[in-house]
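Presented sequentially are two complexes of subunit A, the first with subunit B as partner and the second with subunit C.
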Partner chain A sequence: MIVSYFPGCTLKTKAQDLDMYARKCAEVLGVTLEEIDNWQCCGGVFTTVNNDAVTKLSSVRALDFARSKTQPLVSVCSACHNVLKQTNHAVQTDKAFADKVNLYMGNESPYDGSTQVYHYLEMLRDLVGFDAIKEKVVNPLKGKKIAAYYGCLLLRPSGVMQMDDPENPQIFEDLIRALGAEPVIYAMRNECCGGYVTMESPEFAAKKSKAITDNAASFGADMIVTACPLCKYNLEKNGNSVPVVYFTELLAEALGVKEDTQNA
Partner chain B sequence: MQRIGVFVCWCGSNIAGTVDVHTVAEALKSEPGVVFSTDYQYMCSQAGQDIIKNAIKEHNLTGIVVCSCSPRMHEATFRKTAAAAGINPYMVEIANIREQCSWVHKDMQTGTEKAIILGKAAVAKVNLNTPLTPGESPVTKRALVIGGGIAGIQTALDIADAGFPVDIVETKPTIGGKMAQLDKTFPTLDCAACILTPKMVDVAQNENIRIFSYSEVQEIKGFVGNFDVTIKKRARFVKEEICTGCGACVEKCPMKKIPNEFNLGMDNRHAIYIPFAQAVPKVATIDPNACNMLKKGKCGICSKVCSAGAIDYTQKDEFISEKYGAIVVATGFNPISMEKFDEYAYSQSKDVITSLEFERLTNAAGPTAGKLLRPSDLKHPHTIVFVQCVGSRCAACAEKGKEYCSKICCMYTAKHAMLVRDKYPDTEVYVFYIDVRTPGKNFDEFYRRAVEEYGVKYVKGMVGKVTPEGDKLKVQASDLIANKQLHIDADLVVLAAAIEPDKSARPLATMLTASMDTNDFFTEAHPKLRPVESPTAGVFLSGACQGPKDIPETVSQASAAASKVIGLLVKDKLTGNPCVASPNELMCNGCSTCERVCPYGAITYEDKEFMMPDRSKAIRRVAQVNPAVCQGCGACTVACMSGAMDLRGFMGSQIIAEVDAICK
Partner chain C sequence: MHNDNTRLTQEIIRASGVNPSKCMKCGKCSATCPAYDEMEYHPHQFVYMVESGDLEPLMNSKSLYKCLSCFACIDRCPRGVEPAKLVEAVRFAVIRQQGADHMTPDDVPAKLNEDIPQQAIVSAFRKYRK
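On to the complex of A and B.
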């Protein structure tokens, strides 16, 4: 299976691990991530620039690239994924927006919103299958109590993201189970980490992040996994001693490709 | 050739407002067979009916077409009118020019044209009508009540009091239902057990009532007055007639860590158990999934201690067949699962409980002997947050909640809050609500007392998140009136979970061919005028299986259902519906298709001797319809490939004539 892959800026800089392990694991699972030609920044936070079609153009270009290859579009970063999916939804449902971005794009055939957008987690669940992953696990993470941290961008707005139940999500926990570890269910797993507010009001973000890591720790978590570089930054900076790890690293460890990549 | 009279009704301005009734009457005069046509303001009135009767006599009419409202409304009325004037009631046809014409059109010309076409179709059909005579069937004078909660109990008692035998089938080991689990009842605060358990005893002692507890309905066949029902009496491994309910077996049973369903899993019971002290029947039941003797063949202590010799490890499920004239559904409700409402952390903390669990916590016979102690550490909670409408009125979360209002939660939450403040004045009590709905006798006064006399803090707004942390539940909520966020450190959170029909209702509805709404509540025959009857003849509805109800409403409906049952059972015979399927045996090729599609089991096959074209005799397998069982749905007439099956009153030729008249 070949899919179009949108890594995003942070995965080329701060979050290289997230990207590297994602690629390595995909290979093991029989998925080829075909990186989009000349991709650009996704545009950042969708909702804060709601009226501006221009900042969505790079997302539309990525979506259109995947359409031209008739491939689904996969991304790993929660924030990129959120922008890609929301942009795609806007093209599908908001004709004025679609007309505007297509005017800028100047394509022969206007982009119509037909690309299937998957987060890497959704790809694992819907295209690969957790059962198939379970079979490929060589190094089951037995006895580890892992708290999945969803944050807000993966799940919300739920009507558009359609990834999982926003209050009672399962996808991360199902993956953790497939890898042989024990998921920790805790209340704050879908609360916001503070996000970009950390630039403006570090105290506020610190309060939000601390509450999350403390809550996970109180339910006995050995480790917190996340898909989002910004969440990882906030939780690590402000949280307690519970380590915060990218889910792709965890996946690589279970699939036995973590050492390989480090050696390489 | 028929002599047909056409009677066009104005229905005041209901029809005449958008249909030119004179033109319709005039236009239909020239239809084949029509010898008389007129219009009148209210054809269903006495004067209107007299017009029909007189016309029948004056013009020697053999068929009647009434252009009026839906046949569901007045077909029976006009059939009676025709019968009174001496013609067969099945020679009457209704053209629905109100619901399907005047009410849906705004333009007089369109409405009039359509009314004429509908009238023509009815005339075409009447031309082919033949007189039909309904058969009669006897009535079995025994009623079945499915469900032994307060609804089923009240219905059974009322029917039994009228002198008819009643059987109650209850899936649990005891009758009593949800009401037996409640502590006090609003708005009078009398104790639920004090008013319910005497009724349960009445049921046990009533000679006309049999209780099949720990049983379920397996199969229902037949029709109004003549239902054949198979009841599965599950093996309880205790001989019910011998057990005295002394409880010695329960005390000695070594398996004592089984979650107690009656206390909603908040404490444990033994493998052999009596659900609660006032259970009816008061007999023990062995849980086969927990009993070592039944699972591994080792133990047998209960059998040794039972001085009555009531234990029987070899008992098997028993199947009982019984005939009934009427069936009452009283399957009740359950709170919905809170699993999908993770924002309230129900599955994460023992101290987030449902309101029904709260009832058990405050009940003297409950797991804490009536002391309000929170489940996690058995400490007294000092701050309690009640959340209303959890899963109710939730159109946006239809996949996990319900769109409807569960109706009982506002009042029981007010009751809980008030009782807490009364018993433990040091406790802070918050109630979060969308609206407080308290219609009902003395209901609003009750709620006001909670606020004004007992100082319960009612906050308009919903709880967004409950986070268990340490021994506290951090509650984040919005106060919509003050327009601010609230953060409360609570010790106990009580969720007023939406209620839904019991899971047994859906398969039961299929067995009964009774209809349900999209929420699996049973549908009544008419939402206003026939609220306790199901559209399926002989099936009646009692209590929350028809919609959310509190106890006073449930009991009223239960008695109403009983009176309908009594009205049916006093009859010796029922007049059937003559519009049933009938096969043309000469055309039937014995393929069994009709037998397979018949939802009522009305069709059987028989070998019959026929004279063949060459005058030889041959045995052929042909379809037979039991007219008493057939409901006239017509499924077989459509399925029959040789066109042998026809529905009396709706023959293929009649339908085609109608279609022709419309398309002409």
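On to the complex of A and C.
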């Protein structure tokens, strides 16, 4: 299976591990991630006002590229996925916006919102299947108690994202189980780490992040996993001693390609 | 002045796509808001203050820059009001004015450290600068 892949700016810089392990694991699972030509940064957060088309153009271009290949569009970073999916929804539901961006891009066939947008986790669940992953696990993560941190952007706004139940999600936990580890369910797994406010008010972000890592630790977590570089930064910078790891690294470990990747 | 204010209120409501009259003032949005302690005006107050055209205090408030875009108030409002969209529309009404950016490229170097991901910078610019 070949899918269009939108890595995003941070996966090319501070979060290269997130990207490298995603590619390596996809290969093992029989998926080719075909990086989009000339992709541009998604901007990190979706602009909710409906009169700001320009900030959404890079996403529309990525969506349109995937359509031209008739492939689903996959990304790994929670923020990229959120922006791409919300932009796709805007094209589907806001005709004035769709007309404006299509006019601007001057496409022969206007982009119509038809691309299927998947987060890598959804790709694992819906296109590969957790049972198929389980069969490929060579190094089950036995005895590890792992707390999945969803944060905001994978789940909300739930009407648009439609990944999982926004208040009681299970996609991450199902993956953790497929890898042989034990998921830790804790109250704050879908609360905000502080996000970009860490730029101008690190103390405020610290309060938010610390509450999350302390909550995970109080439920016995040995490790926190996340899909988002900014969540990882905030939780690591401000949290307790529980390590914060990208979910793709965990997957690589279970699939037995972590050392490979490091030596390559 | 009064007309200006009415026009701006209408523009903000239109750009947000929010219908503030759906609000039943239950306060759930503010109760769930992770920025509550940092805000002078809370999400439910944005809803009724925009509705009544009481824009000036909101436009001058630091609350505009405390919203984390976590979408919790959007998801958890029992009436589908989506208060964060109003917070954003008011913030845009401010930062779109000449010279009203809340963060400029010159501010960035002092805020960086070795680990901060690019995502933090681009996201902050999306919310603080036009």
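Heads up, the rule we're going with is that the second predicted complex is superposed on the first by the 259 of 264 C-alpha atoms of A that agree within 3 Å, B and C clash if a C-alpha of one lies under 4 Å from a C-alpha of the other, contacts with A are read in each partner's own complex, and residues count from 1 in each chain.
Following the convention adopted for this analysis, a residue touches a chain if its C-beta (ideal position, glycine included) is under 8 Å from a C-beta of that chain, and two chains touch if they have at least 3 such contacts.
Since we're looking at a predicted model, the values are computed, not measured.
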First, second, both or neither for A:S218, with subunit B first and subunit C second: first
Contacts of A:G180 with subunit B and subunit C, given as first, second, both or neither: neither
Which of subunit B and subunit C A:M188 touches, first, second, both or neither: first
Partner touching more residues of subunit A, whether subunit B or subunit C: C
Which of subunit B and subunit C A:N168 touches, first, second, both or neither: first
Subunit A positions touched by subunit B in one structure and by subunit C in the second: 191
In the complex, subunit B residues that touch subunit A: 339-343, 345, 347-348, 400, 465-470
For the subunit A and subunit B complex, residues of the former touching the latter: 165, 167-168, 185-188, 191, 211, 214-215, 218-219
Subunit A - residues contacting subunit C, complex: 8-10, 13-15, 41, 43-52, 55, 77, 79, 152-153, 155-158, 166, 191-192, 194-201, 204, 208, 228-230, 232-233, 236-237
Subunit A contact footprint on subunit C (complex, rising order): 14-17, 34-35, 38, 65-66, 68-72, 74-75, 82, 84-85, 88-89, 92, 103, 111, 115-124, 126-128
